[in-house]
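Chain IDs A, B, C and D follow the sequence of writing; residue 1 opens each chain.
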Amino acid sequence: MEFGIKQILYLLLTLFIVLNYGLILQGIMPKIAARVGRRYGIRWYQPYLDLIKNHAKRSKITHGVMYYLGPVFRLTGGIGLLLFLPVIYGSPVFGNLSFAGDLTLVLFFQFFGVLGMALGAGESGHPHSAIGVSRGLSQVTALELPLTLGVISIAMQYHTLNISDIVAAQQGGVMNWTIVTNPFAGAALMLTFLGSMGRAPFDVVMAPQEIPIGPPTEYHSGFLGVLQLNRAIFPVAKLILFMNLLYGGATSWPELFIKTFFIYLWSVFVGVAFPRFRVDQSVRWFLGVPLLFGIIAILLI
Amino acid sequence: MIKKGLLLILLVGFVAVISGLLINFTGSNELNPLASYYAEKGPTEVGAANLVTAVVITYRGFDTLGEVTILFIAAAIVGFFLKTMNADTNRPLRLRKTSEILETASTLLVPTIFMLGAYIFVNGHLTPGGGFQGGAVIATGVMMIILARPASQFNHKLISVLESISGIGFVVMGVLGLVLASGFLNNAFLPLGKLGSLLSAGAIPIIYVFIGIKVGSELTSILDSLKENQNEI
Amino acid sequence: MVNPIHIVSIALGVAFALGFLGKREKLALGIVYTALAVMLAISASWLSHFWGNVTEPIQIFTGGFKPPFAINLQMGLAESVFTLLINTAGLLGAIYLANELLKAGKNMMIVFLVLVLGLNVMVMTRDLFNLFVFMEIQSIAIAGLVILNPDRKSIPAGFKYVIATGLISSLLLLGTVFIYYFGGTLNIDFISQESLLYVKGGSVAIFLVLLSIVLELKPFPANGWALDVYEGAHPGIGALISAASATAGVFVLDKLMVFGNFTFFNAISIIGAITFLGSNLLGIKQDNTRRLLGYSSVGQIGLIMTIIGLKPYLGENTKFIALAILLSHYLAKAGLFWLAGMVNADKLKDWGAIRGHRIYLFLMGTFIFTLVGFPPFPSFFGKWQLVMQLANNHHFWLLAIILIGSFFEGVYLFRWLGYAIKWDEVEQNYPKIKLNQFIPTVIFAVLAYALGFYFGELSGYKSTFIYMAAAFIAFLYIFDFLPVFVKNTLAIGAMALYYFANQDTFHGLTSIFFIIFVIGGIITLLAGYTFKGKRTGFYPLVMMMFAGLIGLLEAKTTLEFFFAWELMTAGSYFLIIRGKKSMEHALSYILFSVGGAYLILSGFGIAQIGHTGMGLDVLKDVHYYAPIAFTLMAIGFMTKLASIGLHIWLPGAHAEAEADVSPMVSAILLKAGILGLVMLFLSMGPQKLFGIDVLYVLSWVGVLTALMGNMMAAFQEDAKRLLAYSSIGVLGYALFGLTMMSHLGWLASLSIVVTHFMFKSLLFLAIGGVVMRTKTKYMYQMGGLIKQMPFSFVSVLIGIIVIAGLPPLTGFGGKWLMFNAIMENGWYFQAGIAFFAGVISFLYCFRLIHTIFLGQPKDELRNVKEAPFWMLVPQYIIITILLVLSALPNSMLKPIGQILLNYFPDGALVWHGQLAIGPYGYWNGKLILAIVTIIFLAVFAWLYIINRKAQKVKQFNIVYAAERPFRPETTHFAYNFYAPYQKALGFLVAPGITNFWDAVSDGAHAIADKIRSIYNGNGQTYLAHILGFTVIVYILMNGGF
Amino acid sequence: MAQYLTLEFIAMLTGFILIIIGLWGMITQKNLIKLVIGFSLFDTGLNIVIVSMAYVKNSTAPIIDKAVDVSQAASKIADPVPQALVLTSIVIGLGVTALMLAYVLRMYREKKSLDINSYTDLRW
C-alpha cells in the first residue's frame, strides 16, 4: 500500500489518542486500587502533572551514551509495538503499520524496548537497576512459555499469524471471541498478562513502594518523562494486543476503550487481592497453572 | 589351601587335555615312510653307519646348528651375568674344603675322561654317541676338576677362542656343503668313503669334532660361571 | 640373488667370530652392524626380486635333500617382506642400543645378533621342529637381552619370562613330536596335507602346537610375564620385542594356521578380540610408560590375531588389513619405545618435561596417531577396510568389540599425549638428542607417513586436494620460524586462492558450507595478525583443520569423507590443546570425537553392505539395517554438534582455547556436524527404529539441547563458557529445524546456521579481545568497560541483538521462519520449548553485555585499552554483513530457498521484494528496520530537545539510598546474576550428564583396576594362567575333553 | 587294555607322569630352585616321551653294523628321527635350565631370598 503524509498523520493521531488514554488510565487505576485499600488515592490527572514536571526539571545529568539512549529504546519499543498492531479493526486509518509484520513480530518486538532500557539502566551503574533488570528478565522468560503455547494454540485455531485475520475471525458476537471458543488458551494468556503488566503479585521488579528500585532508578527529569510517555503507551499497546487476540478486537475507539479498560481492570483486581511474589516464586508459578492451561490449549486444538 | 585346590583342578584339566595324546599312542609296528627312507638311503646318501648321526648332522643338520647356537648364547648370557656380578664386588671367595681322595683321583681320572670324550665324538658317525655326548663327557671332566680344586681358574681366553674356532668351523662346513655339494650342511663334498670305517661319511666326523669341542668348551664356561657364583655365596 | 641361507651363515659366522676379538668392543659392534646391514640387504634384494612380478617362492634345501627328508627354508614375497621388517628393526634397534651394547660387551652383541637371526629363520623355515628350535633361540636370546641393564626390575621380569616361555615351548615340543608320531612328518606343507585333525589325538597335537604359538603372542589374560618384560627391559629391547619379535610371531601363526579348521580360525579371532579389548581396557588404569606400551602392544597383536582368524571371511582383503595394521603397530610401537628410552620418564605425567619441544612432540604425536588409526597413517586404511569387511560379513559383535577396544586405546594414548604437551607440574628438561637414538626414531616416523600414502593409494584413496593441503601444511611446519604476519598472510592467501579457484564448483547445500568454511576461515584468520612473534606450530594445525573441513565438501566417497573428518578432528584437537588450561578439555574433546567417529564409521560400514562402490550415494539406498546405520551416524554427527548428553566436552574446549581459536572451533568447526546431518538426512530421509521415528526423537533432543544450553549459559560466570553454552543452544535449534524435514524447517535451520557463524565469531572475537586486555574470563571481575572499549561494546551489542532474535536485526528472521515451520509441522510442544529457550537467551545476552561493559568499572581495569586493531577488523566486517542482511533479508534467504527447492519443492516462501509471505504469516524486514529507525530517531530528537544540556557525571554519582558507595566490587551487581532464577529452575541444570559420564569413566577405571589385579607379579601365577588358558580354550573349542 | 601293556606305552606313561610331576612342582613350589627342578623334571619327562616314541616293535638301534645289514635296515631298526629330536631337545633343555639357574643365583644376590613371592615388584 502506498505510504504518504496522510498515513503519518493517522499514525500521529493514533499515538495522540492512545497517549492520553494511557495517561488517564494511569491516573484512574491507582485511584481504584487506593479506594479498595480505603485510601483516597491520587487525582486522576496526576500523571499529566508528573509528565509536565519531569519535562520542566532543570537539573539533568547523564552517565553515558547507553544511559542516554535507554529511554529512547524504551519508547521506540512502545510506539513500535503500538504501530505494528491493527488498532481499530477494519479501519484503514487505524490499521497503522500492521502490514510490516505479523504476530511473531509483535511478540518479539516487545523485548526491543525492554532490552534497550535494561542497557541504559545498566550503564547508570546503580546496583538496584541491575537487580531490577535481573528480576524482570527472569519473570518475562518464565511467562513466555505459557504465552507461546497459548498464542500457538490461537494461531492454529485460526490458521494464521496475521492479527487482522485473527480479529476478523472473531467478529459477529461474543460467542466467536477466542476467550469463549478457546478458553484454555485464553486463560493461559490472561494469566501471563498479569505478569506482563508488572502489578502485584508480580511487581517486585519495580517495587514501587520501597526505596526506588528497578530499571528506572537512576532516571530523572527528561529521561523519566520519556519513560512516562512509554508507560502510558506501552500498556495500552499490550491491552490492544490481548483484545485483538482474545476479545474480538475493536471496531471503534469507544469499544476499544471499554474492552481495554476491563482487561486492565483484571490485572488491577488481582493486584489488590493478592500479595507480592518473590521472583523465584513467580517463576515457578508461571510454570505451574498457566503452563498447564497452555498445554491443555494445545492438546485441545 | 583353596589356591592349591584350584591349581589341582587346573592340573587335572591339563592332564585331561594331554591324555588325548597318551591314550591314542599305540606303539608302532614298522617305520613310517620317512624313517624307512632314512634307513634305506641313509647309508648310501650320507655314508654314516650311525643313522641317528646321519639325521642329526645332515638331514636335520640345520636343527643341530640352531641347537649349538642355543648352547652358545646360553653360555654367553650366563657369562655376561657372571661378569656383571663380579664387576661390582671383589670380596674374598669362601672355598669349601675338598677331600684328599677326590683330588688324587681327579689327577688320574680327568685325562682319561677327556680322552673318552674325544673318542666318543670322533666315532660319532659309527657308534652310539657323537659331538654332544662327547662334549658332555669332557664337561664332566671339567666338573671333576672344579669339585676337586675349587680355586682353579680356567683360561677364559682359551675357552672363548675354542668356542669361536669350532663354531666358525661348523658354519664353514655348512657353507662348503652349499658351495661344493648339493646344499647347506651337506656332507658329501668330501669322499663318503667305505661305510663303517673311521674316515667315512664325508664331513660328518669333522663337523662332529667341531661340535664336540664347542659343546665341551661351552659347558665348561657355563660350569665355570656357575662355580664362581656358588663360591661367592 | 644371494642365497637367503647366508642370512644364517653370516649371522652365525659373525656371532661365533666375535670370540676372537677379546676386549675390542667397538670393533665388535662395528662388525655386528655390518652383519645386520648385510642381512638387511639380502632380504631387501629378495623383496625387490619378488616385487610386482609375482614369482613362485624359492625353496632352500638344507642338507641338500628335498623335503620332507631334510629341512627346507622358503623365501617368497611374504617372507622377504617380513624378514625385511625384522632386519630393519634389528639394525636400527642395534644402532639405537649402541651405548648399552658397548657397555654390556660382546656377549650381548652376540645374543642380539642371534636373536635377529632366530626371527629370520622363524619366518623362513618350513619345518615344524626347526621352527621350535629357532623359537627357543628367540626366547632365550630375549631372556638374555632383558638383563642388558640388570637391576631389580629387569631380573625378576626376565626370570618370569624364562619360566613362562620354557613352559610354552615345552607344550609346543609336545605337540610337535606327536604330530610327527601321528603324521609321520615334520614338514609343514606335508603335515597340512595329512588330515591330522581327524586322527584321534592328532587334533590334540595340533591344538597344542597352535595354542603354544598363540601363547607366544601373549594373549589376554595369560600374558603377565610379557607385560613385566616390557616394563622391566630396556626400552630398546622392548621396541625389538614389540616390533620384530611380535612380527615374526604373527607370521608364524599365519603360517601354521594351515593345520587348523574353522573352529581354530574362529577361536583365534575370538582370542584376539578379547585380548585387544582386555588389554586396552586395563591400559587405561596404567600410569607407567613402558608397561602402558606393553599393554598397547599386546592389544595390537591381539587385533592382528583377530584378523588372521577372520581369514576365511576376509579372504583377499586379509593381506591388506593385516599388513596395514601390523605395519602401523611395528613403526609406532618401536618409535614410542625408543622415545620412551630417550625421554626416560617412568610415569606418564613426567612426560610433561618435554612440553614445548617441537621435535619430540612431533614424533610422539605421529606415532600415537598412527596407533589410534588416524589418517594419513596405514592403520587408518586398515581399520577402515576391516570395519567394512566385518560389516559385510555381519560380524557386528566383533565390530563393536574392536571399536570399543580402539576407543580405550585412544583413552590412554591421548591422555599420555596430553600430559606430554601440557602437564606443567614437572619442570621442563629436554633430554639432549643422541643421534644414534634419534635417527632411527625419525626414520620410522617418516616411514609411517610414506606407508600411509602408499596404503592410501592401495585402498583407492586419491584426493588431490588433500595432498595439496598436506604439502602446504608440511611447508608451514618447516617454515614455522617465519614471523606470524608472513604465515598468516600465507594462510589467508591459500584460503582465498582456494576460494576463487572453486567458487563455482560447489552447488546445492554444500555451497553454503563452502562459504562458511572458507570465507569464515579467512575472516577469523584476520584476527591472527594480532599476535606477535612466531606463534610456533599454530598455522600447520589451523590449516590441517580447514583442510579437513573442506575435504568434507570435496569428498566423493565415504572413505574420503571419513578421512577428512578425522583430519579435521586431529587438527582441531591440537588447536584446542594449545589453550592455557585445556589439557583435560582437549582430552574429552578428542575422546568424544573419536567415539563419534567410530559410530560414523560403523554406520558407513553397515550402510555399504552389499554395495560394491563406496561413493557417498550408498547412503541413498541402504540394503540392511538402515535405521540402525542412520541412528549410529546421527549420534556420531551429534557428538560433533554437542547435542545434549554429548555436550560436556564443548564448554571447556571452547572456553579455554585461544582468543582467535574459539571463533574457529565454535563458529566454524561445529558446522561440520550440521553438514554431516544434512548429508545424512537428505540421503536416508526419515527412519523408523523399532517403530519409533528417529527424527521425532531427535527433534526433542534438539529443543532440549536449545533449552539446556541457553539455561546453562545464563548461569555462567565465565564469559567464554557462556558463549560456548550458547553455541550448544543455538545448534540445538539448528538440529531441531533439520529434523522437521520441510522446506521452511530447513530454511530456518540453515539461516540460523549462517547467522550463528556470524554472531558467534563476532562475539567470541569481541570477548576474546576483552579477555586479552583484562586478563580474566570472569565477568564479575570486569564492568564498566564501555568507556575503555566502545568498539568491542558495539560488536557485542549487535551480536546479542542478533542472538536474541530481536527485530529489526536479522536474527528475527530465523525465529519467524521457525515459527511458521513449526505451525506447518504441528510440533507445538517442541515449539513452546524452543521459544522458551529463545527467551532464556535474553538472560545470558543481557548478562554478557551488562556485567562486562556496563555497571561500575573496576579500579584495576581503569586504563585497559581497546581491543587490538586486528581483532576488531573481522568483527566490523561481520557487523557490516549482518546489517546488510537485516535490511535485505531475502539476499540471504532467497538463495538458500532456491537451493532447498531441489530437495523440498513445496512450502517455499513467497517473496514480494523484501516482504516474505509464509504459510501463516508475513514479514518485511526492510520495512521494519526503516520504521524502527525512524521512530528511534524521532524519539531521540525529542529527548535531545527536552534534554540538551545533560551534564556528564563521574562514577558513583548515583542515588544510593542517601549513601555514596565507594567500592565498585560491592556496587557492581554481577556475580550470580540470576540468583532467583537459579533458585527456581536451577535443578534443571544440575550437572547430571557430566556426573553420568564421570561415573562411566570411573566405572571403567574401577573395572580395569579389578581385572588387572590378576597380574599379581608372581611368576607362578603366570604359569597357572598359561595352563588355565590352555585348558579353557580346549574346553571351549571341543565342548569338553 | 592289552594294547597298553607294552614296553613303549609304559615308557610313554612314565614320561607323562614325570611331566605332570614337574608341572605340579612348577606351579606349587615357592622355592626358586625347586621350581627349576620342576622344570627339568618336565623336560626329562618330555624327552622320555620322545624316545619311547622312537621304538618300533622288537627292533634295534639304528646303526648299521654286524647286527644290522644295510639291505634289511628298514625292517630292523628303530626310528632314528625322534632320537635325533631328543638330542636337540635335551641340549635346549640344558641351555634353558642353565639360564634359569643363572637367573636364580642373580635374584638371590639381589634380595637374599629364594621365595618367588618376594619378586613381585612388577605387577598390574
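Just so we're on the same page, a residue touches a chain if its C-beta (ideal position, glycine included) is under 8 Å from a C-beta of that chain, and two chains touch if they have at least 3 such contacts.
Please read these numbers as outputs of a predicted model, since none were measured by experiment.
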item	value
Chain D reached from chain A - shortest hop count over touching chains	2
Pair with more cross-chain C-beta pairs in contact, given C-D and B-C	B-C
Gap in Å, rounded to a whole number, between the CA centres of chain C and chain A	54
Chain centre separation (chain B, chain C; CA means) in Å	55
Geometric centre distance via CA averages, chain D-chain B, whole Å	15
Chain D residues counted as touching two or more neighbouring chains	19, 23, 27-28, 53, 81, 85, 88, 92, 95-96, 99, 103, 106
Touching two or more other chains - residues of chain B	7, 10-11, 14, 18-19, 25, 28, 32, 34, 38, 59-60, 63, 66-67, 70, 73-74, 77, 81
Chains grouped in pairs wherever the two touch, ordered by label	A-C, B-C, B-D, C-D
Touching residues (chain side chain D, partner chain B) in the complex	3, 6, 8-9, 12-13, 16, 19-20, 23-24, 27-28, 53, 55-57, 61-65, 70, 73-75, 77, 79-81, 83-85, 87-88, 90-92, 94-96, 98-99, 101-103, 105-106, 108-109
Partner chain C, residues of chain D touching it in the complex	19, 23, 26-28, 30, 32, 35, 39, 42-43, 46, 49-50, 53, 81-82, 85, 88-89, 92, 95-96, 99-100, 103-104, 106-107, 110, 116-117, 119-124
Residue ranges of chain C touching chain D (in the complex, touch as defined)	129, 133, 136, 140, 143-144, 147, 150, 152-153, 155-159, 162-163, 166-167, 170, 173-174, 177-178, 180-181, 186, 224, 227-228, 231-232, 285-286, 291, 1012-1013, 1015-1020, 1023-1024, 1027
Interface residues, chain C side, partner chain B - complex	3, 5-6, 8-9, 12-13, 15-20, 22, 60-65, 68-71, 104-105, 107-108, 110-111, 114, 117-118, 121, 125, 127, 129-130, 133-134, 136-137, 140-141, 143-144, 147, 150, 174, 178, 181-182, 184-185, 199-205, 207-208, 1024, 1027-1028, 1030-1031, 1034-1035, 1041
Residues of chain C touching chain A in the complex	784, 786-787, 797, 801, 804-808, 812, 815-816, 819-820, 822-823, 828-829, 831-833, 835-836, 839-840, 842-843, 845-846, 849-850, 854-856, 920-924, 927-928, 931-932, 935-936, 939-940, 942-943, 946-947, 949-953, 955-961, 965, 971-974, 977-981, 983-985
